[in-house]
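Structure first, commentary second.
Labels run A, B, C, D, E and F following the written order; every chain starts at residue 1.
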């Protein structure tokens, strides 16, 4: 596989993981476990929209923090190689 | 249906079965699904799919914007 | 892979997902988290049998509902293609 | 053992370790497993495997019938 | 980064997002992350990674010994 | 793939599953869901070390029990083949 195709595949996988994590987490936060109607209530819809926005922002923040930690670790391990 | 789509369908099917059964079925005094359990499951599936569609839209809007 | 082999593989995967979901869910519903004996008690066995029957029936119902929803969506998206 | 069987074995092994440890071990005042925890784990594994076998039979009976 | 490492990174990323969001965010009266939520998340990520590293060491020490 | 390479791969997979199970389980047992500091507290660190030791020991015990059960089953199914 070419470098570009590999990166596209990883990007796709990252997006899928992020989306699935968001759906599962926001479902737990916003949808109560009893079902009185099949439509989303106004309250549920608003909660889901805010949850989605917050989840994506927080994930990006976490991604940046992880990259920083990784760079720090990589730098600290340099001398021993 | 493509292979990837079929797998997504199966994953969703499995997830909905687990979730809606867990939320809607609590009576094991008979082996037959009650009308109440059946109705609850229909709404659970419907709500989950609507939720999923809404989340897809939000994800596309917000995540794509942030990426640019 | 031939069309038939692919369908057989997907059928197998669907059965495995269904079975694993049933085992995990019915375990939570029927087996308390303390263990006084290794055998299934009469009550646990009866609960598991009913849970299995209900799980399979409800899954089939859910499968039909999902297929219907998918067909409705496919039909509604036709004009825009 | 075939590759597929080996993977099933490893999955079951992982699941049983998580489940039985979670249910049976709650004391972290020592690093040694107590007799009570060990006994609980033995019963947990035994019960889960018996449950699995029973569910396999029910699944085969019921699901195969429904498919026909 | 190698493919295997990249996948491990993505898995950890997904797990941390789910866990730290679940533990730190409970207010859906706005769509903006609060300072408190942000600070909680930073600590959550830091703690989880330190935990992971400690567990890696323990696992290597103990499991390798038991295997010999 | 050679028999040796297959066994090495399975060993690797077994170790990964064991490690991930241990991390997730011990996190739940030892780390409360609020975060006042990024470092592990003394109490958390001690709990994690003991949890890791117990988890590995118990897993090995479970592995032996599963192997025994499998051997018993294999022996009991011999005549019917």
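As a convention for this text, a residue touches a chain if its C-beta (ideal position, glycine included) is under 8 Å from a C-beta of that chain, and two chains touch if they have at least 3 such contacts.
In this text, all values refer to a predicted model and were calculated from it rather than measured experimentally.
Asker: On the document's contact criterion, could you list the chains that touch subunit E and likewise touch subunit F?
Answerer: none
Asker: Give me the chains shared as neighbours by subunit B and subunit F.
Answerer: Shared contacts of subunit B and subunit F: no chain.
Asker: Among all other chains, pick the one whose mean CA position is farthest from the mean CA position of subunit C.
Answerer: Measuring from the centre of subunit C, the most distant chain centre belongs to E.
Asker: Calculate how many whole Å lie between the centre of subunit A and the centre of subunit C, each centre taken as the average of the chain's C-alpha atoms.
Answerer: Chain centres of subunit A and subunit C, defined by C-alpha means, are spaced 27 Å apart.
Asker: At what distance in angstrom does the C-alpha mean of subunit F lie from that of subunit D?
Answerer: 12
Asker: Mind pulling the subunit D residues that touch 2 or more other chains?
Answerer: 24, 42, 46 - these are the residues of subunit D that touch more than one other chain.
Asker: Mark out which residues of subunit C touch at least two other chains, giving numbers and ranges.
Answerer: Residue numbers touching two or more other chains: 18, 49, 53, 57.
Asker: Can you list the ring's chains in order, from subunit A toward subunit B?
Answerer: Counting round from subunit A, the next being subunit B, yields A, B, C, D, F, E.
Asker: What residues on subunit E touch subunit F, complex-wise?
Answerer: Against subunit F, the touching part of subunit E is residues 23-24, 40, 42-44, 46-48, 50-52, 54-56, 58-59, 62-63, 66.
Asker: Quick one: which bits of subunit F touch subunit D in the complex? Just the residue numbers, please.
Answerer: 6, 10, 13-14, 17-18, 20-21, 24-25, 28-30, 46-47, 49-51, 53-55, 57-59, 61-63, 65-66, 69-70
Asker: If we count contacts the way the header does, which residues on subunit B are in touch with subunit C in the complex?
Answerer: Residues of subunit B touching subunit C: 3, 6-7, 9-14, 16-18, 20-22, 24-26, 28-33, 37-38, 41-42, 45-46, 49.
Asker: Where on subunit C is subunit D touching in the complex?
Answerer: Against subunit D, subunit C makes touches at 15, 18-19, 22-23, 26-27, 31, 33-40, 44-45, 48-49, 52-53, 56-57, 60.
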